[in-house]
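Presented sequentially are two complexes of chain A, the first with chain B as partner and the second with chain C.
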Partner chain A sequence: MHLDGNVLAGPLLELFREDMTTATARCASCGDVSVLATAMVYDAAPGWCVRCHVCGDVLLTFVRAGDRLRIDLRGVTALELPAG
Partner chain B sequence: MGTVASTSAETPSGRSIWIDVPDWAGNIAGQHVDVRLTAPDGYQATRSYSLASSGPSPRLQLAVDKLPDGEVSPYLVDDLRAGDMLELRGPLGGWFVWSPSVEQPVQLIAGGSGVVPLVAMIRAHAASGSTAPMQLLYSVRTPDDRFFADELEKLDNITYAYTRSGPPDATIGRLTKERLAAAVLPVGSAVFVCGPTGFVEAVASWLVDLGHDASLIKTERFGGA
Partner chain C sequence: MSIFTRGFSGRGRDNNPALPPGQYLTEDFPVLSAGPTPNVDTDTWEFTITTETGKVHRWNWEQLMALPTEDIHTDIHCVTRWSKLGTTWRGVSLDTLFADVETEYDYVMEHSYGGYTTNAPYEDLRDGKAWIAHTFEGEPLDPEHGGPARLLVPHLYFWKSAKWIRGLTMMAEDDPGFWEQNGYHIYGDPWQEQRYW
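For the complex of A and B:
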């Protein structure tokens, strides 16, 4: 069972130093543009797999391995967030 | 790091936990914290918990429901005591939030312990003197399973949907689209839905069927914790 992008607030803060749940992501597969808070998030311990809530394709994966964080943005063609 | 100030029973399986975080920057109603537990062997587990508190106060309130096979919630509910230290990060999340500047009517819909961030919104709404209508639909197993029961008892803008048992005059059973339609504010209201994934998915799709604009519906799901 999936969660949603709200749960990514903490993990993505480590990488981006900003709240990314209000950022919009454009899906490379279907072109939908939605805030990351609405994405479907699957537990893939020690990380997360994030899927488009419209078409279900992978937007990004996020992994913590030891003292490294890695994000794979294969399914995101644009990220946009409110300017600070 | 936070220090547990006190805990108290909310339901047979849930506890409120008050935590003092001296350098807390304040939070908006609806935000959450990530709590990280570290075992003696170094194994770590992190889970997100919504805050029932909001505003500048450095004393935070969490309310946690124990999931029997959870990794973090049994410790928080059964073992945590006043004076214990807790590693947490926050406030987190800027999307599933309500602030008094919003003038739209607001419908809150909770499934089980999903009521926690919505209670933060109810409290913030009351504290701000906002004139925007706000009401809560609370789906919960039984009256004993209600979080914040005493506090909510004093409010008249709440509809309960008991799924297992309840007062003699109550309709018992899972929420349906028809019961949802009868209980929520009209189309055009902002809607916040928080609960287990299945509950949130059902409610959100019914709301859209009933004509609510998907862009006005904000959802937050929780799972194993």
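For the complex of A and C:
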């Protein structure tokens, strides 16, 4: 069971101060380039695990570790968003 | 674990000595997963232990079922703060599976079907502290809870009990697994409330 990537708007806003759901991310595993809103978000886990909607590999994870918000971008080789 | 507390579970987290700090009691069994549930067929299921020499010890499902089984009555504690008391499992002790494994290494990486990993010290998987569990409350373990077989390491937070267990690899160092790389504690003792690091 997963959610769609639009739920990333909130936590990514904390980090980037932008709505990142319209940013594109390139998957390190399969090379697909898609807006983050299309990603699959597994929120029923210790953290959030965000997976590529094409190959299912992990794009990024969020962990709210006490008073810190930690993001791991292991599966993203490029992020692109419209210049403000 | 205390049988006495089970019937007086209450709502509070403050007065139940079976609950580690910061945990609340649940009667449900929440499903937590970082990805889709893999379809693992017992016809092709395999469990391996790999040591530093490259030697691979293998068991198929039939071989696992032929090993001595144990009934395990235990409490489980999830890092997302729920605890479930008095659960009953059946499985094979890792002591049985490690009986013929020779290793000098002190740490283990757990690998799952689906790609999940989590790390643990070798000593935490020995001496009656860890099992491969295939039965929960008398029924075959449901796939969403890790069936056909998961690791059960109930004295640590439950993310250390890898669902859909596929193999163990001995490690010289305590390398972090999936959630451990992303902010969760390298060891994860619920009584020390070792959630993050």
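Basically, the second predicted complex is superposed on the first by the 81 of 84 C-alpha atoms of A that agree within 3 Å, B and C clash if a C-alpha of one lies under 4 Å from a C-alpha of the other, contacts with A are read in each partner's own complex, and residues count from 1 in each chain.
Note that in this section contacts are C-beta pairs under 8 Å (C-beta built on N, C-alpha and C of every residue); 3 or more make two chains touch, one makes a residue touch a chain.
Note that this is a predicted model, so its numbers are computed, not measured.
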Chain A as common anchor, with chain B and chain C clashing or fitting:
fit
Per the contact definition in the header, classify A:Ala44: touching chain B only (first), chain C only (second), both, or neither.
second
After superposition on the shared chain, which partner residues are touched by A:Asp19: those of chain B (first), chain C (second), both, or neither?
first
Thinking of the overlay built on chain A, is A:Gly66 touched by chain B (first), by chain C (second), by both, or by neither?
second
Does chain B (first) or chain C (second) touch A:Gly31, or do both, or does neither?
neither
Going by the contact rule set out at the top, does A:His2 touch chain B (first), chain C (second), both, or neither?
both
With both complexes overlaid on chain A, does A:Gly56 touch chain B (first), chain C (second), both or neither?
second
Between chain B (first) and chain C (second), which does A:Gly10 come into contact with in this model arrangement: first, second, both, or neither?
first
Draw lines from the C-alpha centre of chain A to the C-alpha centres of chain B and chain C: what angle do they form, to the nearest 10°?
100
Give me, in Å and rounded to a whole number, the least C-alpha distance separating chain B from chain C in the superposition.
9
Pick out the shared contact residues on chain A: the ones touching chain B in one complex and chain C in the other.
1-2
In the complex of these two chains, what residues of chain B are touching chain A?
32, 34, 46, 48, 89-90, 92-96, 197-198, 218-224
Can you list the chain A residues touching chain B in their complex?
1-7, 9-10, 13, 19, 21-22, 35, 37-38, 43
Per the contact definition, I'd like the list of chain A residues that touch chain C in the complex.
1-2, 42, 44-47, 49, 51, 56, 58, 61, 63, 65-66, 68, 70, 72, 74
Per the contact definition, I'd like the list of chain C residues that touch chain A in the complex.
30-36, 79-80, 115, 159, 179, 181-184, 195-197
